[in-house]
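The following blocks contain the structures, represented as structure tokens.
Look for chain A in each of the two complexes below; its partner is chain B in the first and chain C in the second.
Showing the complex of A and B:
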């Protein structure tokens, strides 16, 4: 499985190498590439700043101000991730046809990904050592200065890690920028793949995208280079919360709710109205039903295969620190950082070369999903297995169980909720995936996401409403799991 | 500067956490608040620092009533549990946090020298050992030369050896800087060794306040006596003003008896000696020639604990030299070496 991410990348490089120096140069050093690059930078930096502002703002208010129903906020603030950016973009375009540009793209992606920052920051606030802020106050710092110089730096690494997820999402997002006519690198790569006679050109441009993604990962690593990750576990003390008057509390609560209203409540409301008023979808109800069935089956099969494939690696890497296991981890992490179009391109190149007959078949589509998503499974399964004490299966062995029996009946049994959560993430991600599906699906096979995509591109907005709602429902379970995991 | 608390009350919601706390701390003096976890120690410290609001009562620094001052204006030094160093700042930057820019470099260098960590100025907190972290936390609190220093169980995360060394260091530094200090701890040995005075805190009230010797030898109540170390309590009938009849015989009391009612005599394990034959007492008073049975023994290395039952339901705990070979069932005679302290008769039983 280690090769799962690496092999497509290698094929991508081989295919690009075949273009030769001049061929690659012709793609990389032209105005179009520079434009794509600049647009991508504008979108990613916009998303980074917006998600940080939204995430830090909401997390700070929720953790420092006494609001009613403290636990509900964790779930409410996770809800936006249930709305894929392209569903939000679709709603925007359907309400105001002709909306295009970088700013709407930034808004849509930021609103549907800022919970990564919020939840990571909330969890960090909970772990932060609040007596450090006490000390700062007793050393003469005002509450504001103590917050900015002592508390905020403690949660900033977590916020930046969450922000990295938003940025990587923005980099790999295809459907939302495409709907809003924003030419990012991912849109450009897909365009070259679908429209160019030589698909190697898409690969060459794809390498620029890979470089950009890696730069962002490196940047995030660099910012937390000197921070102390161990100190987080030291002192857990109840956060002293500000008690404000009813008007101020209500005002701040409303402020926190605003992004959720914009990206969840408002779109769902609009979709429901369309559903009630529209009749066009009734004409292709059977199309919709078959797309839903296809999506469900693809998601289930992908989740099962990815989870089973991830288990051995997760089991090994959770217990042993070995050089090659770390290499496997690094490669999986790379897989999570790389935009899915890149992996899809690699898989296409590989399949055309090795098993041409599989190209544009369902098994190939599922294989691609698995390759892209297996790092997610490995991550959740490893975390779940690591939380089971090594002593537990050891005790089982002293009570007469064999090593493998002890592993299955004790370790795997206790890690099951975490492994299952990973499977839910994978399933939902596969069900919502757009560019890979468009690139590799057999002709005539539609998923909910491609339904929404094709209906939107021909301006059949009402017809797409049921698919859009279904996609939001698909995202609910992972959003809930995300908030639960962050709450710990 | 002198710290003075008068009738201080603080709590959460309707729940009082500390009630009616009054004591003084003189410059250079270290007062320990001794209490179990949950007794309100940390809240009391936070109230002194201005981090927790006082419900009523006053906090005075010198002649200044600072009860309504926010923490940043009081500038009381605070060393929390585990040190709570700012994890993203270097040692030097931690120490310099509360010092005005103009004096920072010089002051940080001085503090680093004082704690003996001049070579670690650029280290990050996670690169330090536990003892080093605590010393940096102390230096950071003392760098702005605060009038009062508050220490919240500063040694609880350290191993015994390091703890001893750091106690000595802190006592020296506090004496050198003439800082009034309040230490909270649940560790009796720490309280007895470090403090000039100890305040025993229980259920939000101060039960007793005094020097370590006063509280150890002459605690006002049985409960305070037990908090400061193991002790046995023998019911006794006053014979005259200085003698009381107990299960060990007639023994002398430390303070004159003003009552003829039954009283409770406190016997610390090191105040008695076991012998196999009756001995002449080393002070005036007699324990008579009664023989008692050894119940059980515990070997402790440098000492040996022997439990004797002089009367039904009364267990006497004795520190014996480890070379004495006592076996359960042995007949022993108990020699009381000093006049005993009578705890308040109102708390008998």
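Showing the complex of A and C:
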């Protein structure tokens, strides 16, 4: 599995190698590459800071303040990942024509990916050792100081793991920056590829993306190593919550809801209004229903298999600092930074060589999703496992349980909210996926994302509204499962 | 959720996957036995070709299985698949992708009965693919700020100071690149480079694709946009109600270039009667009339017929060059790379 996640990178290297040193140099050493690089750095740093702020902010409010219907907030905050960033970008451009540039791009990508941070952090708050904060307060620290110095460092690894996913998404996203006319490296890769189909030229520029991703992956691993590991709690209590007055509670609730309204409710509303304007491209509701069912099954199967596949990597990297484990983890993340069309071509290349008889069948489509999306569940699962004290399964073993039994019933069970958050990331990514689905799906199998693509590729966004809406409704399923897992 | 329940969920998922898998593989087996079905990779907008394909299925009794994606992506996929491709026919939105596949020896030679149906300047020079429809390069303009008479009919006018920052191009789009190729061949390398540099210097607004440019003209974000007339005509409603109107280039000049969409048969399907029947259908009067009336394209096999409201094909038409020639495409991309547009 760890080797399979390197497929996009291997493919990239093969295509770039055909180009030779001079060819690569001609692409890399020029003004445009420098411009693309700088724009990309601005966008990714912006997304990193914004998603951390939004994610930590929303997660802190929801877990530390007593709000009505506590479990509903998990569902609400998971919804933005169901909205493809290009739909959000399209709505922004149609509401404010002429919107272009780095800041709107950061806003759109951050709003559609901040739940990566929120959900991982919420899960981490569940596992945090709040008694340590009590101790700090009893020693005279203020509420705020105790939070920042004792509680926050415990959830930070999870938040950073989520943030890394947002950053990798920002690096790999084509449609949203292209629509907002921000020339990022991925937009550049598509540009080089579109004219003469020269995959070598595109791949050479892709190498820069991998290099940028490497910096962020290393940065995340470095901050994680610096964070405190001894704080794993043995006894977990209910998170102590602040009870505020009705106005303050309503205000904070509204604050948490704002990003969700902006990226979920507003786009759906606008698309629905547009729906009335379109006349030409027909809607077929039974097609949509069967696409929704296919999407749900594919997403669920992928999430379950990918989560199980991620657990060994997550468990190892949570407990051991060996550099091979770090390397496996890093390689699996790097592929996430590549434009999805390159990943898709890598999968075509590899699956025809390894499993030709499975090419363009459903098992291959699911396998593809698993291999490509498995890194999305590693970070959150690892952070959760790290928070479970190693003493807990040891106690279980002294009470007569086998090592594997103790791991499943104690460690995995305590880490479940974090593992489930990772599963949600995989599931929603699988349900939104387009380029690989178009190339690998069996002919005749439509998902909501491909239905949406068919409509949006002819710019019939009004006709795209039902599919977009259905994608969000189907996105409720993983969010609901997550809220159940978090409660358990 | 307990561990037991998650195990039940896993079992359920595996069963679902196997069932779906079994269904899909059962389909595949049926396909191999007799030629009553056809696999088509289509880069054309599915919503707009689906009615045509349904018509073919009814007439021929052949079931058409369509893999629908972008022309560029599908061509790249075909290059990766090589001889292992399940595709029998490739329908492309642009001739460049067909040219790249022909260069890689992935397209079979078409019978003369097919290639002779289309004027030689709008089809491949070595009979590896056939042109189906033509799309004129046009300048879309904002009818609220401009009159038709104000709109340049020569792309070199875009370099004038009055258009600075007010016009849009899509330099990574195949249709724009085909235009640059035509410019290189007809006006010379230097003139083409000067023009491209002039666009950058005159602050051309760079967009991702034709559709996005049209949206920007429709909202008044830019005054002019270089697109294909097809994108204006496929509007979700009556095209003439749009704020954007279109102006055609000066007849006979490179500004009046016509881009070609086409179809080719993959090498592995060179003996397939179904593939041949399908391509023959696409150049038949019935299919060509569909393109003329429903997608407002120039039907290349119906001589002298043009969609309503646009100039006759004979009055447009660019220089007689092979826009799909790979060496030429690569030179165009190299030039665009040099001026920093891609």
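In this text, the second predicted complex is superposed on the first by the 254 of 488 C-alpha atoms of A that agree within 3 Å, B and C clash if a C-alpha of one lies under 4 Å from a C-alpha of the other, contacts with A are read in each partner's own complex, and residues count from 1 in each chain.
What we mean here is this: a contact is a pair of C-beta atoms (placed from the backbone, for glycine too) under 8 Å apart; a residue touches a chain by one contact, two chains touch by 3 or more.
Source: prediction; values computed, not measured.
Once the two complexes are laid over each other on the shared chain, residue contacts for A:246 go to neither chain B nor chain C. Look at A:400: by the touch rule set out above, it reaches neither chain B nor chain C. In the superposed pair of complexes, A:141 makes contact with chain B only, with no contact to chain C. Of the two partner chains, chain B is the only one that A:131 touches; chain C does not reach it. Once the two complexes are laid over each other on the shared chain, residue contacts for A:304 go to chain C alone; chain B is not touched.
When the two complexes are superposed, the chain touching more residues of chain A, out of chain B and chain C, is C. Once the two complexes are overlaid on the shared chain, A:153 sits against chain B while remaining clear of chain C. In the superposition on chain A, no residue of chain A contacts both chain B and chain C. Against chain C, the residues of chain A that register as touching in their complex are 27, 30-32, 35, 93-94, 97-98, 178-179, 181, 183, 187-188, 190-199, 201, 277-281, 297, 300-301, 304-305, 308, 341, 344-345, 348-349, 352, 356, 359-363, 366, 408-409, 412-413, 416, 420, 435, 438-439, 442-445, 450, 454-455, 457-460, 462-463, 481, 484-485, 488. Every residue of chain A that touches chain B in the complex is listed here, in rising order: 129, 131-132, 134-143, 149-150, 153-154, 226-228, 230-231, 234-235.
Partner chain A is touched in their complex by these residues of chain C: 1-3, 6, 9-10, 13-14, 16-17, 20-21, 23-25, 27-28, 39, 45-48, 65-70, 72-73, 75-77, 79-81, 84, 86, 96-97, 100, 171-174, 177, 205-209, 211-212, 214-216, 219-221, 231, 234-237, 326, 329-330, 332-333, 336-337, 340, 342.
Those residues of chain B that touch chain A in the complex are listed here as 46, 49-51, 70-82, 84-88, 97-98, 124-126, 137, 140-141, 144, 146, 150, 152.
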